[in-house]
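Scrolling down, you'll hit the structures one after another.
First chain A sits with chain B, and in the next complex the same chain sits with chain C.
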Partner chain A sequence: MMNKLKHRLLASSGFAASLIAIFAGLFVGFIILLITNPDQAVDGFVTILKGGFTGGAKGIGNIFYLATPIIMTGLSVGFAFKTGLFNIGASGQLIVGGYVAVLIGVLAPGLGSFHWVIALIGGMAAGALWAFIPGLLKALFNVHEVISSIMMNYIGMFMVNALVAETVFDSLRAQSLPVAQSAQMPTLGMDTLFKGSSVNAGIFVAILFVIVLYIILNKTTFGYELKACGFNKDASRYAGINAKRNIILSMTIAGAMAGVAGGLIYLAGSGKFIEIVDVLAMEGFTGISVALLASSNPIGVLFTGIFVSYITNGGFYMQLYDFVPEIIDIIISIIIYFSALALIVRHFFDRYALKSGLGDDDIPAPKVEPKRKRRIGLKNKEVDKDE
Partner chain B sequence: MNSVYFLVQQTMFFSIPLLVVALGGMFSERGGVVNIALEGIMIMGAFASIFVISVLQDTMQGQLLLIIAILVAVAAGMIFSLFHAYASINMKANQVISGTALNMFAPAFATFVARTIQVTKSINFNNTFRIESVPLLGDIPVLGQLFFQNTYLTTFLGIAILIVSAFVLNKTKFGLRLRACGEHPQAADSVGINVYRMRYAGVLLSGALAGLGGLIFVIPTSTNFNATVSGYGFLALAVLIFGQWKPKRIIIAAFFFGFMKTLASAYTGIEFLSNLGISSYLYKMIPYIATLLVLALTSKKSQAPRASGIPYDKGLR
Partner chain C sequence: MDYVIEMLNITKKFPGILANDNVSLQLKNGEIHALLGENGAGKSTLMSVLFGLYKPEEGVIKKNGKTIKIANPNDSNKYGIGMVHQHFKLVHNFTVLENIILGVESTKNGVLKMGEAKKRVVELSEKYHLSVNPDDLISDITVGQQQRVEILKMLYRDNEILIFDEPTAMLTPQEIIELMKIMRGLTKEGKSILFITHKLDEIKLVADRCTILRKGKYIDTIDVQSTTKEVMSELMVGRKVQLQVDKEPASPTDVVLNVKNLTVKTKRSKKNKLTNVSFEAKSGEIVCIAGIDGNGQKELVYALTGLSDVTQGTITLHGEDITKDTIRKRRVAGMSHIPEDRHKHGLILDYSLAYNLVLQRYFSKAFQKLGFLKHRSINTYSNELIEKFDIRSGQGRKTLVRSMSGGNQQKAILAREIDTDPEILVAVQPTRGLDVGAIEYIHKQLIRQRDEGKAILLISLELDEVLSVSDRVLVIYEGEIVADLDPTSTTEQELGLYMSGAKREAVS
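Moving on, here comes the complex of A and B:
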């Protein structure tokens, strides 16, 4: 059984390719450390590998805390990818969602223990609306979603800056006011378990959405239609799928996820406030990396989100050895670059699986065969469409 | 009248980098490779050239240093774009993923190197490149004040690049072949054009122009470089699509956006606009909202090069 699973992972998905990409990225990172500071390179590299664990219980808690928003933005980007859309606008959706969550969190006390839930739903709705616009523009006017979401990023950022200054402004610190106690995410005792960290129920909210999106994509007709649109728009239209509706819905759901990410950041009660600066929220772009590493699979996003957070935490501790934490971003970008090259690796594995008779053990050979054929067939179709 | 001069000069500072980078993107995409990495390449070009300026500025100044910086920016952009070319042409990788990786790598690398060498992230330089007034041309009434005073060498370089690009793309053998590779690489290959080589040329050109664009963006607007070009690479991508992948329209798009951006940043200097009493945030939003609206009105028939984004596989002819 275990063996079968292993073979399936190797042969069918980009799992092995992702692992190779991760090793390659770490290797290049190590070389960069060696070049910049040979004496401490090994110590520094071990710190990266130990990730958040260096900080003990606090560090472990912070892995989950930092992972929460990027899992959500990863879900956002990945979900849109599944429909063939590139949601580069998670950043704007996040900040708009975060603002509405803060607004409800500050101005609507007396909602009792459901306060944070309502604030989160508000953020979700705002994020959804922010992505609905590019979706609509794409469906009705053929506006490229990459461009419109980039524009929406900036519009959202400036708008939130203006609105924060108008509504929930802490003029002493030039940032948003703290949310009411009831609007903060419950900690569920994790603040004592992981003492000193900011981990909260947000990570469970993220896991909940991972499951929801997994079910939508893999177990429902709607999800099937979305994926069909992403795979081949013309074929799915021919099959009677309403592509325009699906574009709008896919973007809206993606935006909702990014909106929740914003809510989770600013309701965490961890001392993060909306600052009035002309800088886009980084989490939106990290979400792209998280989604790409996971091949847009929601379950994969959960793990790649935790992985990215893990080594990012390692980067913080690297400053002990006089290293600049940006080395982590360098490593992640190299990992993504190598995962882009994964196609060739995947080919290699497929060939290896066929040649070594790997199919004989657990997977009957005919099962591998049609799979290859199908892939080749699809490639041809793509070219056909072009001709 | 003074504010008109000011507006035109400012618009140049905002538009020229957009124009140059969007033209770079055009070469890549017309050749069939989507280049979302423009932002990252801009950062690399700006980083390398500003770094060289900061090292050399004690011994050298003025236009000569600027020319050296330009060459460095072009070279850095080309070298960096090679990674994108290799992934998307040789390895047939997903071009969006490769571009995203480059976009993430560049600011991290620039910050890492700057902080490793000099502790702080920002690289300072003295701006000795401003041309008060171009000899002779600057003395022409009105026109001289509009275009030949308070300007930079890079502005004229940008205009020259536009003219050359339009000519190369539409009138030369190279341009036509490049476009063929972006529209129908199989057909191009069948008549003996080396698709891989043409696509490499397209991506390298985009690297050169985007690297240059990074330098052009930083010089007039700042005296330090903070490992960011404020999303200008993405905006250039918008200008490229808004400009329908055609040089003539790209210049309109670039100046439209540049003008809007100038209004947003300089409206306080214009009595009429500052008296309207509109929030500064609204002004900052205007360029983006306007672009979105214009796109909605003009995109219906928008058509990207047909084969852009699709790796060319010889075996699939």
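Moving on, here comes the complex of A and C:
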């Protein structure tokens, strides 16, 4: 089993390409460090590499904590990619999902120990609805999903700002009210294991969805159809696959994932609240890199999500050195985005793989000389006569 | 000896397969040299090696006796080698001119010198009778014209060794004659041509010599004039091939497909694409729709299979009206469809062979339970089909269809569509790109299907296929059926007259 898995991982050029891309990203990041702050570049870089480990148990816990939402948005973007759709709207879906989760978390304290589950499902439904709309527009009117989901990002953000102020507003701090204790994600004892970190059951929720999406994509007829549409629309139509239905479903599921991401962020009980600011949620965009880096494979998303979180955590500790926070952000983004060039690297990789083959054999030499030698006149060819 | 190009002892491996196994080929200056071999024999691979797309494990390439290194298409271009690929490589939303100069643009201060380039393209196209309009978009022109663009691309680069990979597979008989003349013209200008085709007639017509490959191995190089078609096909397949189709007369019974007053209009043009087309196809007969390409065949097939809507008229299958049914419903009711364009409609190139073989059945009980794919059944079923239809590839059912040879891709479609045991099989150019052995097999399959009481609607551009395989020929001209003929008493000349609209009969 283990062997088979290893073999598979190594056999896939996608995996190798992702690794190459990551190293390239790290390398470029290091160059930038050298340029901006040559004295401390090496120390700073080592800090990034040590990533979350710098903080010991707390750091490790925080890696998982920060990875949770970007795994979810990575799943969201990746799933849509598989159907040939670019869900750039994870940000809006996330915030809408987050809002509904908070709303349920604050206003329905009577739900007992299932409170957080219901709040999360509410967030999931809201995210799903937010992506359903661009899906519907695409299926019915062929409106490009990139345009409509960017618009839905802004509509979602402003709407949530207004709704928070109306419904769950903490006017002292100008942010959403804290959710009830019962609506917070359970910590499952991880708060003592990784003391000082905010890690919670959210990471297991994310892993659960990784598995669910993996099964949908690889084991079901639904996944077969979705990928078929993503690869070749015309052939899917020819095969009688209902592309419209699949576009809508794929977007809806993608939105649901982003909605869960929002729920997990604001139900974490880690002191994150919906602030009334005109900024789109970053996690939605990081999800794009995570998905690209993983070639949209759900299992890959789990690992790239953790990787991105690891690097980001490392960035936090760089403040120990003489780096302004903006530079740190830039470095981290460079590493992440450069890594996301994996797709292009992968392309080259595949071409190289095609050029070189495997195996060998002994072959008898053929005779090279033609049997008869005769030069044929061009004039008496039928083609010339054929007019 | 004046060989312009020599490829000596070339070996090229792909995962699971030796695509070229110590193959040698020598091209004389000014000759047309044909390359013949079964589907998957390694012809495209050998030419791709010469063009620098693949790097061989072993072997040398010489030009005018000197060893050269070709690592990529830029190198081959440097040595004057150009190639028209089996599946064209044009940018569809670019113009003809832009495609021709792509990669060798000349600029002045960073600005494209389009004027000069255009002048040269026009000159070239006049000189070699390759009429195209430089300002047309590729997506708007016919396949035949696209091919001329590919040829112009080579000429524009001053290539003198021209490789044509199955150039005639996509062309109409008229265009083929046209192309043969162009090729002759090119050799007169001193160019040397390597020409891949499965059609022995074409080899007989233009080629001087012919190299034959079988399963990746070099078999022989022959002189075309003094070798018969029978000998060539035997050398290539390794056994005697029956070039003539033999079959019993049909005994059609009840009507399977009934088309009544079918009319199709499109938004783009005012003229009808199809006007009042009516015909029947009975169980136990092969009905052929013959015609020059572009006379409504595509619209007819799309309407029948549900790929596009019908403006007027009805289509019934076994008495059931299916005019408004979805594609899936028609399928389940027993309609199979071998599409014209295998890359656009027929295959999902990035799926494995196994997944492609169940493309029409993955949702049936045999391959799915509660929405979960039964991979084990899919695998056994695809292994069966691969065996039965002799689909050759490097890694069997796991092979990505994209990496398979053109003819084997076609065989995969045929296997899938025939094996569903359809009530009516709509087969558009089913043997396009197949070798003579495979054609023989497919024709036998079609006839077997017929004898089992299926109805077959064959859409073909090739007159000899039309006359030898079908039991009834309907000629389509400008969207109308203009003749209903008995192939046993019709000559090619007569058929040609109907197809060109010079003659028509009253069809009930």
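In this section, the second predicted complex is superposed on the first by the 311 of 387 C-alpha atoms of A that agree within 3 Å, B and C clash if a C-alpha of one lies under 4 Å from a C-alpha of the other, contacts with A are read in each partner's own complex, and residues count from 1 in each chain.
One rule holds for everything that comes next: a residue touches a chain if its C-beta (ideal position, glycine included) is under 8 Å from a C-beta of that chain, and two chains touch if they have at least 3 such contacts.
Not measured: the values here are computed from a predicted model.
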Report for A:326: first if it touches chain B alone, second if chain C alone, otherwise both or neither.
first
Contacts for A:299 in the overlay, against chain B (first) and chain C (second): which applies, first, second, both or neither?
neither
Which of the two partners, first being chain B and second being chain C, lies in contact with A:159: first, second, both, or neither?
first
Chain B versus chain C as contact partner of A:174, first or second or both or neither:
neither
Look at A:221 in the shared chain and tell me whether it touches chain B only, chain C only, both, or neither; answer first, second, both or neither.
second
Is A:237 in contact with chain B, with chain C, with both, or with neither (first, second, both, neither)?
second
Where does A:147 make contact in the superposed view: on chain B (first), on chain C (second), on both, or on neither?
first
Give me the intersection of chain A's contacts with chain B and its contacts with chain C, in residue numbers.
382-383, 386
Listed in rising order, chain C residues that touch chain A in their complex are 8-9, 11-16, 18-19, 21-24, 26, 28, 31, 54-55, 57, 177, 180-181, 184, 187-188, 205-206, 208-209, 217-226, 305, 307, 326-329, 331, 337, 339, 344-351, 355, 359-360, 362-363, 368, 371-373, 375, 403
In their shared complex, chain C is touched by residues of chain A numbered 219-222, 224, 227-228, 231-232, 234-242, 354-361, 363-366, 368, 370-376, 378, 381-384, 386
Across the complex, what residues on chain A touch chain B?
32, 36-37, 86, 88, 137, 141-144, 146-148, 150-155, 158-159, 161-162, 165, 278, 280, 285, 288-289, 292, 324, 326-330, 332-334, 336-337, 339-344, 379-380, 382-383, 386-387
Help me check something: in the complex, which residues belonging to chain B touch chain A?
36, 83, 87, 91-94, 96-98, 100-105, 107-109, 111-112, 115-116, 184, 186, 230-231, 234-235, 237-238, 241-242, 279, 281-282, 284-285, 288-289, 291-292, 295-297, 299-302, 306-307, 310, 313, 316
